[in-house]
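Structures incoming, each one as structure tokens.
The two complexes that follow have chain A in common; it is paired with chain B in the first and with chain C in the second.
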Partner chain A sequence: MNGNDPSFAREATDAVRGRLGSLTPAAWALLVISLAVLAFAFAVRPGLFVDNAIGGLVYGMILVMIALGLSLILGLMGVVNFAHGALFMLGAYFAYQVVGAMGLSFWAALVVAPVAVGAVGLAMEVTVLRRIYDQDPIIGLLATFGLTLMVQEAVRAVWGAAPLGFDVPRALQGGTDLGVTTVGTFRIFTVLVATVAVVAVYLLISRTDFGLTVRAGVQDDEMTEFLGVDLPLRFTAMFCLGAAIAGLGGVLRAAESGLGTGMGQTFVILAFVVVVVGGVGSLFGSVVSGILIGEATFMTPVVLTALSAATGVAAFDVSGIQGLVPYLVMITVLLVRPRGLFGEEGLME
Partner chain B sequence: MSALSRYRVPVGLLVLVVALRPVVAHQWLLGFGQIATSMLIWMLFVAAFNLLFGFTGLLSFGHAMFFGFGMYGVAIAVARLDLPFVVGAVVGVAFAAAFGNLLGRLIVEKGEIYFAMLTLAVGEAVYFVVNRNPLGLTGGSNGISQNALPPWVETFRGQKSVVLPFAEVEWYWVVAVVFLLCMLALWQLLRSPFGRSLVAVRENEGLARAMGMNVDRYKIASFTASGALASIAGVLLEINTQGASIETFGVLTSGDAVLMAVLGGVNYFFGPVAGVFVWQFTAEYLSSFRMLNLPTTELALVSVDVSGVLQHWRFLLGALFVAVVLLSPKDGVWGALRDGVRVAAARFREVRR
Partner chain C sequence: MTPLLDVDGLEAGYETGQVLFGVDLRVDRGELVSLLGRNGAGKSTTMRAIAGAKTPRVLGGDVRFDGDSLLGSPAYDVAGRGISFVPEGRRCFPRLSVEENVRVSINHAENPMAMEAVLDHFPELAEMRAKHARNMSGGEQQMLAIARALATNPRLMLLDEPFEGLAPYIVRRIEDIVEDINEQQDITVLFVEQNVAAALAVADRHYILDEGRIVEEVTSRRLREDETLRQRYLGV
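Moving on, here comes the complex of A and B:
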């Protein structure tokens, strides 16, 4: 797992420039065509277009918040954390407990739930994950799968299997006028919170001494420990951080769309897709591909509807295509570029 | 004695098939035998899964799709298209094999973690397509439950039987025969040069490649065979549950296969069998358990209502699973049993001397 320096900005600009420079004519054509189709869809129904663009962004940011923790843990410790979806779900249920059951403010939940999820993550790391860092990655996948099962059943035992929901504070209800359409204020709030979280993680890893020692530990753990760095402590802290971000994502998602016992499983699979598309080991790739997949999921129906209305061919308007879009994107990316958009060659293979 | 040890797998399978139902139905255990049929079907499914995981080293997290292909193949043919059962079964199995082969070609070279995630995602995509009810064939989230039985299966008070030209056979024995045939085929496959090569791929892929084996080809072949076998189990399940349900395609079904295989012990032929037995038996036993009477049922001094705790048996089995993965991920229950028997036999020999 060497050489996956998880830094964004500098590397990001280089990566984008390199990527654009190395595009084949076919890829250019594809890019131009998709931009043209998007512009066309915008011209047909600008309100719906912007609505779905924001919806895709919100969805994408939730995906990024899960995929970020997944990617961190995978990159640092080489463990595929299947339980990350369960942590996301726990965030949602803790928020429900604070807001819906105990009647406290949503702002309290926004702080308490991620901290509580971080504590659950801490317990998981200390009891189970710490034992499997040196082993076959499959062992990690299996063990965390067992943990997922336990968390899911525990949630079912405490809160029941029925779908739940809770209200957000008045300040975040209602809509904000954006000219062509009105967007729910909470959606904008979600994007803001998610952006702050992502930037904070980036700063932590790239600009602090803590982040420096963690990166050093990934490069050469033995040498780093010789230099007096307590690596197990740092790995535990990173795991907690990843869990807390997933929990925060769960709070935001639950406030907008409600919660159910299946949400963790659905989202962890999508987060895997995001990590694979973005490239294993690249945090920047996870962010880009999360937003890309969110947007693709929401924009594809809009574009198809516009095309079918304009050309009169009903076959374009495939209803329910959006659930399939992430997988189609993933299969395409893997066929064209197996290591993912920003991944390094040979990692985890 | 040597013949017995040489053929201990066929003999063991025969004993299993004959003894499973009476043992499960014993009043000290469950008291009813219907679950034995679905146990056999699941054993076949998990054994097929384990051909890929235990003997080739590829973890598939989407194996439920093959199970579902067999199931929906029969259900669509019988209930929707009025085709004979055999056509549906053959098409379902062939589709599963072809799908496994193509998917294998696409993803088998990507490394084990990628393989697990990709099968998971493809399985989810298949679930999605089936749930959309394409062409009105799959019935969406309702599945297929009307007229889904072939005409030669009769149901009387919940007991199924198969009407043959010369006799009427209990459904359990039909499942048992198919189970035996498939498991024997699997056994032959595993002890053939092909099966040994699969183990070589699992143990040391680099070495296998260095010896001139086309590793990817073996993996694809294993994925294909595993998918086909799993879909045969799906065909049986369709008749057993009198239709096809969308849950079969779900990620939980795939997950259960992984859980049962690891619990049983992935390195052994009988591992999946043991895993399915332990899992399903525990599930049934715990969820039918209401009152814990101590010290005995007849002479209860203390009665504890444990149904509230035990209906969440998945939590307990999840904890057991985590423990198995941490302690000995390859051996499981069957491995522990073997070790126990070996130690006991050694001690017995010592005592006799």
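Moving on, here comes the complex of A and C:
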């Protein structure tokens, strides 16, 4: 344990204050306008607003759970692991197998599926990824893309290509009345579970001896080995952990929105956007950026609907803009800060 | 008796070509030996090959530590056998504090020293335990790099240019530390140096490396007195 480490809260406030302090007047104006527009949208349709705010948070937390592993693997091993989306998808299908096919409890799936995905991750790391760490990044991308295709075809062979779904326990069904709208209990559950997972990873990296070794490995892998650290073993462990968290994300996503063979691809690309926006190597950045992108994706239509209702200009209400929003956020952030929001003093750097 | 470190006809190189063409050197227990040579002679390559780095690739010969071959062992395994390597350029973890840097090596050593025992040798560092290495001066970083190596409580310490780029008074301080490690802690030391004065100040015996071969093995006395030798291989 480490007595000198600043607390997460302090580190976070410092980082945020640092960013706010370095904002240009134009960026400040943008921030103020965004807040004003959001307040306006809330006034016009409070129910829809709160609904989507929560939807964005849930979506953002799922993205964070995939992005964490991506970020860790990229920081530690220098590999862009495209197969991370396949692991997310496997989590969903394993949960379906446990709940939908075998009729066991969702609670069992919540434990079994991530562990099983961790095991698949272990096999991937040992058989394929371990061989490509020292090679050109393009080789890593191609190899993990190949792994993705293999997993996808295997899933199709076992479970078929049709969309599937399964039920969650009664305790997690239904909703909580918030006055302006009702939130699904499962959404709250998702946010809670994701938060616990994120905090656990943060504590592991920042407060334990294992985490210290990992941080050293990210900063200078060769020197870490000169000091007696069997780094390949740590790589395997981190890969396994990243896989399990992505798998957990898959379980939560599938329980709420069902599952299909395309879900891995969609989410892994968005998770890359999250990593890039947050700043490669910064876990804190990935968390902030995941939530930011989730919220932006869900709030943009609300704001546009409100604007078009208020002004009477139907053209404001662009349908299908949701899919574009993450990329718009990425372009904006990269134009202002090419290393991403927190890509400089990141925990993992 | 077998020497503690026995480098025997070591040949090594990079993708661009062979650099070492049969390096022979021996270091006995308790010795403090320097490896001299001009830029590009192959000093760092030799040290890295001994330490088990992924580059250079060893092409021939052998490196034995206490009689056992080290070839084919990864760097962490070499470290685990009791060899601490401080590579060129200090290589402190920039975004870890002094204590964290030392702790990485304490956590992975067989029978490490206690943190306080390590810092006792470096009062300067004890004053800045929470400081990140990237905010430290070159001399402070060099001390941290040596402290980190010392913390594993090694039998042999390999230092690559520990005095490089430091002010004279810091050089003297590090010389004292190295001598202290050798005498008080009973750790055998092999260090690379370009500066003859610094080598003479600490080591008793010197190897001179030139174009990938050991060309001379000399005592301090001969190195001090033989001007032709110094001119020829070291340019001073």
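The criterion applied here is as follows: the second predicted complex is superposed on the first by the 331 of 349 C-alpha atoms of A that agree within 3 Å, B and C clash if a C-alpha of one lies under 4 Å from a C-alpha of the other, contacts with A are read in each partner's own complex, and residues count from 1 in each chain.
Keep this in mind: a residue touches a chain if its C-beta (ideal position, glycine included) is under 8 Å from a C-beta of that chain, and two chains touch if they have at least 3 such contacts.
What you see is a predicted model; the values in this text were computed from it and never measured.
In the superposed pair of complexes, A:Val336 makes contact with neither chain B nor chain C.
Once chain A of one complex is fitted onto chain A of the other, the partner contacts of A:Gln219 are limited to chain C, with no touch recorded for chain B. Contacts of A:Val80 after superposition on the shared chain: chain B is touched, whereas chain C is not. Touch criterion met: A:Leu142 reaches chain B, while chain C stays clear of it.
By the touch criterion defined above, A:Ala43 reaches neither chain B nor chain C. Once chain A of one complex is fitted onto chain A of the other, the partner contacts of A:Val229 are limited to chain C, with no touch recorded for chain B.
Of the two partner chains, chain B is the only one that A:Tyr327 touches; chain C does not reach it. Once the two structures are superposed, chain B and chain C can be ranked by residues of chain A touched, with B on top. Shared contact residues on chain A (touching chain B in one structure, chain C in the other): 349.
Touching chain B in their complex are the following residues of chain A: 80, 128, 131-132, 137-139, 141-143, 145-150, 152-154, 156-157, 265, 269, 272-273, 276, 320, 323-324, 326-328, 330-331, 334-335, 338, 348-349. The touching residues of chain C, counted against chain A in their complex, run 51, 53-54, 74-76, 79-80, 85, 87, 91, 93-97, 99-101, 103-105, 107-109, 129-130, 148, 152.
Listed in rising order, the residues of chain A touching chain C in the complex are 2, 4, 134, 209, 212-213, 215-216, 219-220, 222-231, 349. Residues 59, 106-107, 110-114, 116-118, 120-122, 124-125, 128-129, 132, 251, 255, 258-259, 262, 312, 314-315, 317-319, 321-322, 325-326, 329 of chain B are the ones that touch chain A when the two sit in their complex.
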